[in-house]
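In what follows, subunit A forms one complex with subunit B and a second complex with subunit C.
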Partner chain A sequence: MRRKLLLTLITTLTATGALADPLTDADEIVARANLAAYYGGSDGRSEVRMIISDAQGRQQRRQFTVLRRDIEDAGDQQFLVVFSQPSDVRNTVFLVDKHIDRDDDRWLYLPGLDLVKRISAGDKRTSFVGAHYFYEDVSGRRPSEDHHALVETTDGTYVLKHTPIDPQTVEFASYVTWIDRNTFLPMKIEYANAAGKLYRRVEVFEVEEIDGHPTVTTSRVSDLLSGGQTDMQFRYIKYDVGLPKTVFTERSLRNPPADRLRRPEK
Partner chain B sequence: MKSTLVELGAERPRSVYAVVLFLIVLTGALITRIEIDTDPENMLPAHQAERVFHNLVEDRFTLHDALVVGLVNDDHPSGIYNRESLTVLHELSAAILRLDGVIAPDLMSLAEIDNIGQEGPGTIRFEWMMRGAPVTEQQALEIRDKVSRLPLLLDTLVSGDGKAAAIYVPIASKDLSHPLSLEIRALTEQLDSDDAFYITGLPVAEDTFGHDMFVQMAISAPLAGLMIFLLMLYFFRSAQLVIAPMLVAMVTVIVSMGSLIGLGFTVHIMSSMIPIFLMPIAVVDSVHIMSAFADSYSPESDPKATIVRVVEDLITPMLFTSLTSAVGFLSLLLTPIPPVQVFGVFVAFGIMFAFLLTIVLIPAYIVRMKPSALAKLTSRSRTPHTDTLLARALRGTGRFAMRRGKLITTVAVLLVGISIAGVLRIEINDNPVRWFKANHPIRVADTVLNEHFAGTYDAFVVLTYEDGDALPRFIATANALLANLDRELVPAVREALDADTDEVGAYYGALIAAIDDALFEADGQATIDVLGRLMSLAEDAQTTSKYFQRPDVLRDITGIQQALTDSGFVGKTNALPDVVKVVNRELRGGDTADYRIPESVAGVAQTLLQYQSSHRPQDLWHMVTPDFSSTAIWLQLKSGDNQDMSRVMAVLDSYVDSHPLPAGVEMGWAGKTYINVVWQGAMVSGMLKSLAGAFVTVFLIMALLFRSARLGLFAMVPLSVTIVGIYGIIGWVGKDYDMPIAVLSSLTLGLSVDFAIHFIERTRALIKSSGSFMTATAQIFEEPARAIARNAIVIAIGFTPLFFAPLVPYITVGAFMAGIMALSGIATLVLLPALMSWAGPWLFTETRKPGELSVPAPQATSV
Partner chain C sequence: MRTWPLLLLLLPSVLLAQDDPWEDEVWGDETQRTTWSGFVEAGLGARFDTDPLTGSRNTLEELRLRIESQWHPGDVTVGFKADGTYDGVENSFGGHIRDLTAAFTVGGNTDIRIGRQVQTWGTGDLVFLNDLFPKDFVSFFAGRDDEYLKAPGDAIRVTRFSSAVNIDVVWAPVFEPDVFLTGERFSFFSPLAGGNVAPRPPLSAIKPGKSLSNGEFALRLFRTVEGREYALYAYRGFFKQPNALTPSLESTFAPLTSVGASLRQPLGRGLFNIETSYYLSRDDSNGSNTLVPNDQARLLTGYEWEAKPNFTVGLQYYLEWTLYHDELLGNSPFPQYEPDEFRHLLTNRLTYRVGRDQHTFSLFTFFSPSDRDFYVRPSYTYRHSDQWSLIVGGNLFGGDERHTFFKQLRDASNAYTRVRYNY
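The block that comes next holds the complex of A and B.
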């Protein structure tokens, strides 16, 4: 109920035109969207539940906690991802040092094999643990990797078209984003392949204001070719929790920081 | 009744024409609604257990029919691992991906799959195997090194010798195989490459066969018709006269095919042959009538009276030959294969229709002929008919057979003995790819690609685990736990626990999520304790239900794979353990010693979690279901021969006998190659049943017709000898007993019994009319023998155009027709008189009742 109310509030704000004059610079819109989507507060925590469905509706679930710490707004960031469900992958951990000027550093811990591995920078547009989300969707794509063009500005939305600077590194030929003019959150993204065919869609269904930050709480990625989809729920979100640097070290791989992973009080 | 019908034609020819024309227009219009079906799966009824399971497996593991495109480079020292070949492969993959009907996400090619490997110590790398085409030769060789480390790709996507690469093109529907293979062929021709390209795979073979089959129908059937026309023209020397049986044949074919299509049946490979089967049968009766008419008509006689008399004389043997032929084909109903049943019913219908048409249309046609044309007919035919080479030869044959009866009988018995030995040597085998001649591009591709790769034929061993009690047990325990808790406190948990349990994986997933949420919301230590216990209970149950994630179970699967590979009949197997082992090895640093299955369930689960972090996570679900309750072992076979597939099945059966499957695990087969074995098995046993059923029924009809069990048996001699002889030859020649050959047994039965009926019935009539057995046996070798011989020759030679068809089953049918006609002709005209020469009085009771022989002969013989 509370969520619905917030969403309505946001939409109403948008509709009543309590907005500043629209921006016209695509790069600026993208920069603001990048901040809104990935850099809320100076750090944050969130629990993610993914329901991965194939075309037949067969489900797999994943549940993990994401801890994030910004080194600099719109700059380098650190992520610690700790799995809790299903129990056979519990305590599998990803650690990501996201860099703006060079490849990210990524580590992986697999408790079942008692193994810490560094993951080569390689390709970030691979599935994230079998979901229709990509690694890159978790940590965010660098705005500098695409050309951006403002296609349309409607009452509430900026519509932008993005084309990759290096098409060899990605599977898409272009993608279009629908960015909320008020929150600067991308509400829908559609990817087209070289044949010009839409093959992938990201949609945001619910946005809540948490600690003053409009935050996506429900979203979905659809694979339009195979018919599969992944639904994501983000919960127990908190910003500016004061995560220290020490949380984002290799030590946390084998020993996830239990106190930091605990859910915030109701 | 019968004379009314015959007179109807003679009295009201215009009405007869009008009705026939109406039928042609009506059924001819229906033919335009033709729907083609080339799917051998339809050889099994839709509800057949094996077929249902095969389709279930295809859904369960999202398996699609696939074309195999091969690229071969025999010249370059590194085979296909050179810049040009890989660039071409890359371009071709990309182009194929854009074709409509291709299931792009599941296409397998070096350009579309992932590599997992090492990037320095402690660092693992996931990447496209060949995102872009290699720029240097060195990069091409690096791809070779990567592929050599991935057993799932080796011998599947690239041949072990490195000379060939394959693209597996999954397609949305089987009937797209042929058009897509043409499009891909066109794509390869546009490529600037010296490599050789091949396209094969069972779906292409089957769909292309369907396509070629209809081309053949349009060529072979009319050509056979033309040949029959020319031969009849030679025998009867009057185009006008010969047009009549051709009309009968054409109308029969149109009405039969039109009714088949109009009744909503698809035209399958079997029913496509209906015209070819009906044409000779439809002209047979007309030839008998015209033979008799040409011999008995004289310019002085009234054509109407002559034709009515001729038809009335022949109507009984014609009715019975038609009935027995129809029974032969109707017996195909005993074969549990729907297309074969449809074929049998409509051929039988066509035969009876042709009979009716013959006795009505031929008289109508004759009375409409101008007197001058009839006069020409007799003036041309009279002398030649009784003094042709054929006539003289038949007379000689008759005399020889009567004189050397015992010798001929002895030789025949010997030949039958030799034939039976041949029948025992028959190998039952089929393979749709072999329906093409050896030089057909599909056969060539099949040969080349199966030399290089582990095999282009697919079969799947499917293992399914079901512990029916596990879930009820869990729910009972969970309910007991929750009983101590106020149910209002945890409504979502309650709801999840009571939810549908259709899909176990989703059930546990949703329940655990609900418990997890409830744990956060819960107040009070008691509630938290209960929920905590419930959580661990649910997690244990969930882990247990993921049966095929267990290391020991994966090792069992490896055992099955090993046994299959060791048998030597399987090119390669691909299954879940292979994935787990490769990823485990790379996670642990890439050492060969680590090519093994992790020790714990969690180890396996986390290995697979990494495998899923690829560009193609969905590939996992081709091998195991998302709830890990069922897994498929993909077998690549170098041969699609049913015999080879059966051998593989026997190997697995014996392995499972010595290594029983764990409790709760069921094993089943799926895949096109397997389905072909199933329907062929059904066909062979079904055909034997059909043949036996037809044999008995035909004997009963004969005994009834001749009102004599002895003569009934006697009439069975030519067809028995012919069937044994034909199948004996097949056995000795070493031709496999396949679908066309199986079906031809009914044709043999139906056609060879005709000659015997005519021969015996006419002999009997002649004995009655002449009063002398010796006279009768001489006269039978006049007009009656000529009619039989003409029929045999017309049909045998009429089908020689089939020899030039590019499709093997058509050639088989052509050869069979000739063989059946020759053998049953000889059996009737030589063996029957030979038997009569020493058993005549015992067979023909007429010879023993001289008093009855004074009945005047109805037909004035031309001798």
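The block that comes next holds the complex of A and C.
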């Protein structure tokens, strides 16, 4: 683990030297970052596990598999999230139809009641299954929802500040992202409230190149006010697995596609 | 460049801080292997007032062990969920299978699920029009988990998916009624007695004979287009409540055919739904048969939105229109207890979640301006950990006239608590 991080840092450092002229257009940087973070390949799968810790150090666990399919790059996408742990959320399934021109459509399947529950559009910057991650973090926030400004360009990083176009729909007043100039992955995000106080931080600890795509494999979200945090690990990642659109329908809520969820052979 | 030395200085502490919290724990592959899980739960619910007609002050006095398993022989998924209970109110031990199913896919586009299963469809929130799958109102009123409102039934479900329209067909060879009020745990209003009764032995109802023609058949055609969910429904079976009488005046289930439709879609920042159904009472097509319920047209519309972060509001309006109402009153021995021609019901769900869903405050209110009665369900859920959770809640009934649906349960008003350990 430590060695991996060190390697990552060294790779980043060496790669920095070979960087092209820095970009200066904030919107373009955000567009590239959006592609790097959410649109690798034309589809993909990953297994995810989380440890949710509160300020007292009490821990909860979650484990799930995410399937993703892009309808077009930087455009509409579909996500299917199937939970396997803990036992009381096993077989809970979350389906997202992400849209660029309107609000996302989202459904949650609750197996105990055989209930397909729809989630309203406003309800997106709230906890995802008890984690410090938000529903919106699963599928990504539309770049068009914020104003973007390039604050600083360092040797390895673009620093951008983002302010919401409609502040009524979000809990933050602004956020700052540190985007790796080489991979365009956001490596750190800090959210500030209306009082200007930082209250939330997202950090990436490990990036690995998988199927040619630099991919986040370890990250953390911290609640800077209460002191809790959620650690996240991604494994068994694969891109371009050929997921058909039929996987992302009500069918998969009741009957998750076992063949598509099967762990890929390395 | 100035930042690098600082970063290098910080490096050891960074490494320390994000030392692998999983400590090389293996990643379980739950999708493939056989899983066993479940919970143990203790529940206690008590009336605010005693019901002079029923013996127990408690509505819930229960120990419950849930066992769940899933395994995958070949291309089949076998599911199993069962509860073992000790019920102090009825002083009995019981075993209840909630799910025992084999699920498999045929020809790529057809999913089949055979066995005992819980099923739900339709757009209502605790109001059901086209969902005629069995429900357990006794559990719901007593303070058991919401899950138990849906009772299991033995059925074959075939769902065929296609780009034009998806088709759901459910066939239950043997009619499975709701779990209804029998007087055992809760007393209920009897028009004959002109007040509440709790018969001993408890009320039993004559079920339709076990012939193939007495099975239940439910159909749903559904499709989602641009975020709009359209559905058409049909059902042939029986009213799920024993609201008919045989010629010898025993309770029974009247034959029912229903058709309906629903739409659910985003509207503004929230979700809008509308659903309608027509209940055709096959043995009383013109309202002249006193012993059998009349036809009904039902309409539901609702809107749900997140009013503040973590605070969700849901509103529903529901209408039950009893047809041939003049004939109903004209032929009824108890016209004063017959339903209004138009029964209006409003519901309101408020949900407030705090601390990443660790604390959930919920309030669900039913209020009927036509029956002038209400049912209020407050609850607080505390999720202490992945293993332990606690719920405290209540079921409060009231109204003006003793024969209305919620008012008859006034003496059942209770507060309950349940502690659960998930394993």
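Please note the rule applied: the second predicted complex is superposed on the first by the 251 of 266 C-alpha atoms of A that agree within 3 Å, B and C clash if a C-alpha of one lies under 4 Å from a C-alpha of the other, contacts with A are read in each partner's own complex, and residues count from 1 in each chain.
By our rule, contacts are C-beta pairs under 8 Å (C-beta built on N, C-alpha and C of every residue); 3 or more make two chains touch, one makes a residue touch a chain.
Computed from a predicted structure; not experimentally measured.
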Partner chain(s) touched by A:Thr153 [first = subunit B, second = subunit C, both, neither]: neither
Partner chain(s) touched by A:Phe205 [first = subunit B, second = subunit C, both, neither]: second
Touching partner for A:Asp103 - first (subunit B), second (subunit C), both, neither: second
Touched partner set for A:Ala195, first subunit B, second subunit C, both or neither: first
Which superposed partner A:Gln56 touches (first subunit B, second subunit C, both, neither): first
Subunit B versus subunit C, judged by how many residues of subunit A each one touches: C
Partner chain(s) touched by A:Ser42 [first = subunit B, second = subunit C, both, neither]: neither
Which superposed partner A:Thr163 touches (first subunit B, second subunit C, both, neither): neither
First, second, both or neither for A:Pro86, with subunit B first and subunit C second: both
On subunit A, the residue positions that both subunit B and subunit C contact, one per complex: 49, 51, 54, 58-61, 63, 84-88, 90, 112-113, 115-116, 118, 120, 122-123, 125-127, 129-131, 171, 226, 228, 236, 263
Subunit A to subunit B touching residues, read off their complex: 49, 51, 54-56, 58-61, 63, 84-90, 92, 108, 110-113, 115-120, 122-123, 125-131, 135, 168, 171, 194-195, 223, 225-226, 228, 236, 263, 266
Residue ranges of subunit B in contact with subunit A within the complex: 59, 62, 94, 97-98, 104-105, 114, 119, 122-128, 131-132, 503, 505-506, 509-510, 512-513, 516, 520-521, 539, 542-543, 546, 549, 584, 587-588, 598, 600-607, 609-610, 612-615, 617-618, 620-621, 625-627
Subunit A to subunit C touching residues, read off their complex: 1-2, 5, 9, 47, 49, 51-54, 58-61, 63, 65, 82, 84-88, 90-91, 97, 99, 102-103, 105, 112-116, 118, 120-123, 125-127, 129-132, 154-155, 169, 171, 205, 218, 220, 226, 228, 231, 233, 235-236, 246, 249-251, 254-256, 258, 261-263
Complex interface listing, subunit C residues touching subunit A: 1, 3, 11, 15, 18-22, 27-32, 35, 37-39, 68, 70, 72, 77, 103, 105, 111, 113, 117-121, 145-147, 149-150, 159, 161, 166, 222, 224, 227, 229, 264, 266, 269-271, 304-306, 309-310, 312, 353, 355-358, 383, 385-386, 422-423
